[in-house]
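Dropping the structures in below, format is structure tokens.
You will see subunit A twice below: alongside subunit B first, and alongside subunit C after that.
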Partner chain A sequence: MTEPNQINPPDVGRINSARRQLLIRGAKAAASIAAAVGVARWLYDPKGLGAKKVPDTFFGEVKGLPDFSVPRKDGQVISIVQGQDRAKTASKAIELLGGIERFISPGDIVVIKPNVGFATPSILGATTHPDVITAVVKLCYEKGKAKKVIVTDNSINDPASCFTISGISKAASAAGAEVVMPKDSYFSPLTLEGGSLIKDWPVYCAPFAKANKLIGIAPLKNHHRSAASMTMKNWYGLLGGRRNVFHQDINNIIAELAMLIKPTLVILDGTVTMMTNGPTGGSVSDLKKTNTMIASCDMVAADAFGSSLLNLKPADLPYLSIAEKAGVGAVDYESLKPLRAEVI
Partner chain B sequence: MYLLSRRAPHCFALRSKAWGRARTLESAVGVLILLILVATAVGIYFVQRDYNMSRFGITSEQESGGDFLPVGKAETYNTDNLYEKIDGKAPMYQEAGFVKLTTQRFAAKSDSELGFELYIYDMNNAKNAFSVYSRQKRADATDLSDLGAPASPDSLASRGGSVFGYVAGNAICISLGKNYIEMIGSAESNELVDGMKGIAKDLSAKFKPTDKDKIAELGYFPTACGEQGRTEGTVAGSWKLQIDNAFGFDGLTNAYSALYKSGDKTVSIFFSRRKNADEAKTVAKNYYDFLITNGAKAVTVDSEILKSAGASVVDFYGAFEMVFSTGVFVGGVHEADNKQAAEKAAEVLIGRLKEIND
Partner chain C sequence: MKITTVRRISQLFFFALFLWFCIVATVGDKFWQIRNWPINWFLQLDPLVALGTILSTGKFYGPLHCALGVVILTIIFGRFFCGWICPFGAIHQFVGYLGNRGKKVAEKIRLNIYRKAQCVKYLVLIFFLGMAAFPSLASSLQTGLLDPIPLVTRSFQLVLLPILDRGTYLTSVNARYYEFGWLILAVFATAVLLNLIIPRFYCRFICPLGAFLAIISRFSIWRIGKTKPQCINCKTCEKSCEGGCEPSGNIKIAECVLCFNCRDDCKHDLIVYQTVSSLAGETQVDVSRRGVVLSFVSGVLAAPAIRLSGKVASNWYSGVVRPPGALAEPEFVKRCLKCGQCMRVCPTNVIQPAGIEGGLEGLWTPILNNRIGSSGCQLNCVACGQVCPTSAIRPITLDEKGGLGEFASAGPIKLGIAFVDQGRCLPWSMDKPCIVCQEDCPVSPKAIFTKDTFTTVRDGVVSVKKLTGDSIEIDQSIPAGKFGTGDYYALFEDGSRCKIASNTDTSIGISEGKLPASAGKVEIQVRLQRPCVDIEKCTGCGICEHECPVTGKRAIRITAEGETRSKDRRLLL
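== the complex of A and B ==
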């Protein structure tokens, strides 16, 4: 006899069947989840954007950025030239440091890194002026006897428009340089030893793979976040990924970039300075003629001097002292005895 | 047994009913999910398809006064990717309430090298738009009076300030309701400026500000210099609004500032309306403490009016800073070269804010 709480056999069968169904469905769901996790794990790339795409067929493999600097010569570290004609002042500034032959040797492959961050015309001063590009590319070829000059930047918003509208593409090509636009495959994850921000972060590396010299050419600008954008901030353009996250720690990222990248030479174009509303500007009213060109093997010194053209003091730019402490350069540019000249 | 045999059919019926309900529920949930997916797809379609500029009042016939044509498609940016377009300036917009940016390039029919780019920043409300407009206003700007830009704080108070615009060299900038608009020309050219003004008029007609766009606070400044023959007063058009972190102090929000001219001296005056008088007092004290913490030295107040208002003056590395509270307002003077001029301007500002309090 079946007790009142007992279930009769047909019910038991149904319940068992339902239990089986539940277990089967549960197993299927678990298998699906496990498969999804497995695929995700298989696809997961701990090295970040583009890591598996390097080496590139054109540039070859890059495992980091080499040291592009040349031996230091005391008394020939920084030059400051007054004048309005960018081609003349840039040439003179390099000449004062010993001439382009000091920096570029026959057969060198040179990368020039201008600021091509915006698709704006050169009259706005937000990007490197094409006249400086022309002058430096010509010097590299004609006097330095470079084998190849590459002009490149990681313009995040429509690089083709940035290079075209800024006039840099036309100027560089006309002077014989190769213009290289960024691609995903040109980025490699890099880590700055001892750094707190650049850790496995995608950096625009591939165009430097076969180069042995690097020249940074930056406009002199006010910057909403960092107060100034000059030669050190120019390297920010090499960062890939969602680099805007570094705006929250702008001084440290600029200093870390300066530690990571060891250029041959930097040129700071203060012919016209963007005094307000940087880094984009937008109106010629933001600009002031300051008629100064700076060339330097020490980017901290170059930027420390550049701050004066923005009516700032070096102390207003914390990244300068951070970089100095890290041994990148000297904030007290006067101690380097800048070489000065004026070009009419 | 009897009980079971009586109950079993009932149980089966209940279970069948329950399973039926479950199936119905499953179907309903399925349909609901499908509806949500369809609604999402429709939403995405409508957002994505809206790439032309007609929604901004710029029709194909009107485009840039007829002399300029759009080049390429309009682009849109949101808070996630704004930095791709304006990089280091993105945080300023985001901190001021940015929602969306739409851009469109235009080129002259006669010369493809001559052109401009239109930027329309949706800033969510008129105050946010005015904030980014005023903070970037160029010193040599010429007001665009034909857009209804106000001539003085007094006229703002009566008409309601909600449209502001200026020309600066190759650029036109406008604060129009919730939108901050820039047109950046590729050259300094009258033809270009005329073309941009055509677009500006189209936009003004499309986005007619409403009463909620009125920035009444601009009318709280003292009467404008030049109004009714006055030789001293607020410098019209010098207003600025900092939504947060005014003068580097994160406790000072929604701070309106303007230049005040007295004789040959000009100082910057400011105020911020708080929830109540207690909060105003607290903010004033905190701002004073912030200045002292950062190296300011307290200075004696000479003006009896300011003394009675409890105003504080400090010497901040050679510049005078003043702060007080009156009613619901925190007010003061920022970076004044001259203490007497600062005190005089502060007296006038206190008087004006007391009128508003009353």
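== the complex of A and C ==
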């Protein structure tokens, strides 16, 4: 029993313990407050995104693609070779322009951009024929001493199906090239200076990251909207996003692509020409044997010549004159004195 | 080696095998992609798949013959499939193990007691079988909703692997989408998380396959049981009992999944796998007759009740576009397991698990959504029919799909027909050239053709000031550069038309055609190619819909009218 008025001696231990608890908790609380304020200060955005000047892009824009072209040699701009065997005609066409050594230097990393738009077998002619790819890849490695050859395209149909069914995957891999399938992350927004359509638009840039040469290889096809799909239209495959909106102004987009992309060389395969139902075809009856292979440093000239195989005039392809005005090349391919040959 | 160790190895092996078959269900030419891997093996082993389709179709579909092996082995040995093979069971067992680590033995024993509610799974089974059993009323195969093999297959194929693929791209080049994936995941996650409440919750209370195997294991020759009627009643045998079958006393033999944990845990070696019933007593399937009758009648009535919506009859929804080779809808819903194999294998990702647009019974069945994936249904692909385990989608050839060779007279298989929405189509309603749909139509000759027309643009009638050489000077201001795209023409009063090469705000340059001698007014016209669909040629592949630049609601869309699989939906004469 304790006396009612007796003052108990203070429980020093308990008080000390309580004080310690308070101090520790106080320190932790202070740290938490400091952290909350710090994070708030760090992330503080007084106006929100809308109040800022609207950025051109969220991702950091790429300004154009590198210039892959080689110095021009008058008289060796375009070659036209007749023949049925694609491997031979393609090699001959390149030989006439000075050989692959003119275009590919030892150690180069080469990107080949065929048309792999559709999941159809090569016999239907809607995609670049694997034989041309094999021939060019081999030339790049064997005579050009390229370090690496990449074959890639951003297909219209499912890319894996397109590369497999067209036979391009197999041919390219067998010849030692690396086949690159498009991934969402391979596209970067790009703006063409002087252009009106390619503005902050996703373009298939990643495969070009380390490349220093670019060869476009296109089949020769009828196209209801743009009259013909050849080497210039082939670059459409480098556009990403919902690129089909550009069909509203097909001629300018083709011309702008030709302004944007400065290839080392383009090859237009007119061994067969898709005369009707392009650019998908779907039947061998859409095709006609035209036995012509074109290699060119000037894609406008190549396409201008190519239009003749479709029984068209260059004037039927407005994008040719638009591109010519922009300085991409010459519509009057005869003025470039095409080198001609025939291989049997 | 302890038998439980062997069982664990077996479970691990079959789970790994299951996972491997999921991964290889990808079109491609790599070794880990679809070669001749038997990716449906687990579905084919599943006796409930076989039983369900037998009831709904009256036939035992050949590739499901492995299920007969499981039935025979179950009749002899009991529910070995549940404890040793089932990949879903392995997941439950593992999660249950994780959830119960550290719990006291008494608590574990309490979790594993037999519960009367374990009879629910028999009622689930009987309900589903009732739905499938009477073709004359309306036979609908819905076992796949809860049958563990289709459930776990679709969960991995349509949800777990695609989630894993985001960022890692292990099994696909680009992210894959599955519209009702969230619901599939919700069911899967619920089933898995219930193990934290009671181990193997799904197996004990819900699994209709387990229920079926329990019923047919009634006469199994070997069974778990006690060699003595009495023991010290320590109940250690129930500490890890997977089936919740009470091996310590009167064993509920139908619930036993042959995990053999009791045999291992009994310190007195009183529990063995033997040919006689447990000396401590044995109870067979414990379910009330009233429950059986009630759930069977409910199932029998549920099928026609669902059909009241008319979704499998005249009220069919036009957006239910089935993959190529799919059977007519009433036959289709008798076979489709909702396993998701077709959706996984589809190289373009266009095949999607449906919601309930095709009726309640159409949940998670395959439909084509051309807005998802890399392309519509590609002409040179028949992958979905090749992998369908029950032939709800027939294994057609490329010839049959394309109407080639011996199928030339039948024509190509139509999935539906493309309809142009003229109110949304750029050339039809906005006077903008486009025809992406026509360009990408893969049929030859193209099913989409164009009607070419010239239309005067808005404010396009301008008065001419002067005609000089190949240019027209005009009186009023027009947007500079706008008409030099190759698509615009100048129409004169005399009816002659010249192509516009370029324009400034007050002059128009002409590239083709000859200017008339004089003109008072000129109309600026745009040449439009307006897409039209040739109903006889269109196969409904959906590539046009996929490519249409009107990205929200496409200006050309496939609906199922005219699809080959249903005669009553035809549109052609």
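As a working rule, the second predicted complex is superposed on the first by the 279 of 344 C-alpha atoms of A that agree within 3 Å, B and C clash if a C-alpha of one lies under 4 Å from a C-alpha of the other, contacts with A are read in each partner's own complex, and residues count from 1 in each chain.
Simple rule for what comes next: contacts are C-beta pairs under 8 Å (C-beta built on N, C-alpha and C of every residue); 3 or more make two chains touch, one makes a residue touch a chain.
These numbers were taken from a predicted model, which means no experiment stands behind them.
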### Task
State whether A:Ile33 touches subunit B only (first), subunit C only (second), both chains, or neither.
neither
### Task
For A:Lys183, decide between first (touching subunit B), second (touching subunit C), both and neither.
second
### Query
If you stack the two complexes on chain A, which partner ends up touching A:Asn277: first (subunit B), second (subunit C), both, or neither?
both
### Message
In the overlaid three-chain picture, which partner chain does A:Asp286 touch, first (subunit B) or second (subunit C), both, or neither?
### Response
both
### Message
One more residue to check, A:His224. First (subunit B), second (subunit C), both or neither?
### Response
both
### Task
Quick one: classify A:Ser321 as touching subunit B (first), subunit C (second), both or neither.
second
### Query
Looking at the overlay, what does A:Ile24 touch: subunit B (first), subunit C (second), both, or neither?
neither
### Message
Output check: A:Ile123 vs subunit B and subunit C. Expected answer is one of first, second, both, neither. What do you get?
### Response
first
### Shared contact residues on subunit A - subunit B and subunit C
118, 120-121, 156-157, 165, 223-225, 244, 247, 250, 276-277, 279-280, 282-283, 285-286
### subunit A residues touching subunit B - in the complex, by the definition given at the top
1-2, 4, 6, 8, 10-11, 14, 117-118, 120-121, 123-124, 156-157, 165, 223-226, 229, 243-244, 247, 250, 276-280, 282-286
### Message
Can you tell me which positions in subunit C touch subunit A when the two form their complex?
### Response
27-29, 169, 173-175, 347-348, 373-375, 378-381, 426, 432-436, 438-446, 450, 484-487, 501, 511-512, 529, 543, 547-549, 551
### Summary
Counting only contacts in the complex, subunit B reaches subunit A at residues 1, 3-4, 8, 11, 15, 83-92, 117, 136, 138-141, 168-171, 173, 182, 184, 186-188
## Note on the structure
So, in the complex, the side of subunit A touching subunit C is made of residues 118-121, 156-161, 164-165, 169, 181-184, 223-225, 242, 244-245, 247-252, 276-277, 279-283, 285-286, 315, 318-319, 321-322
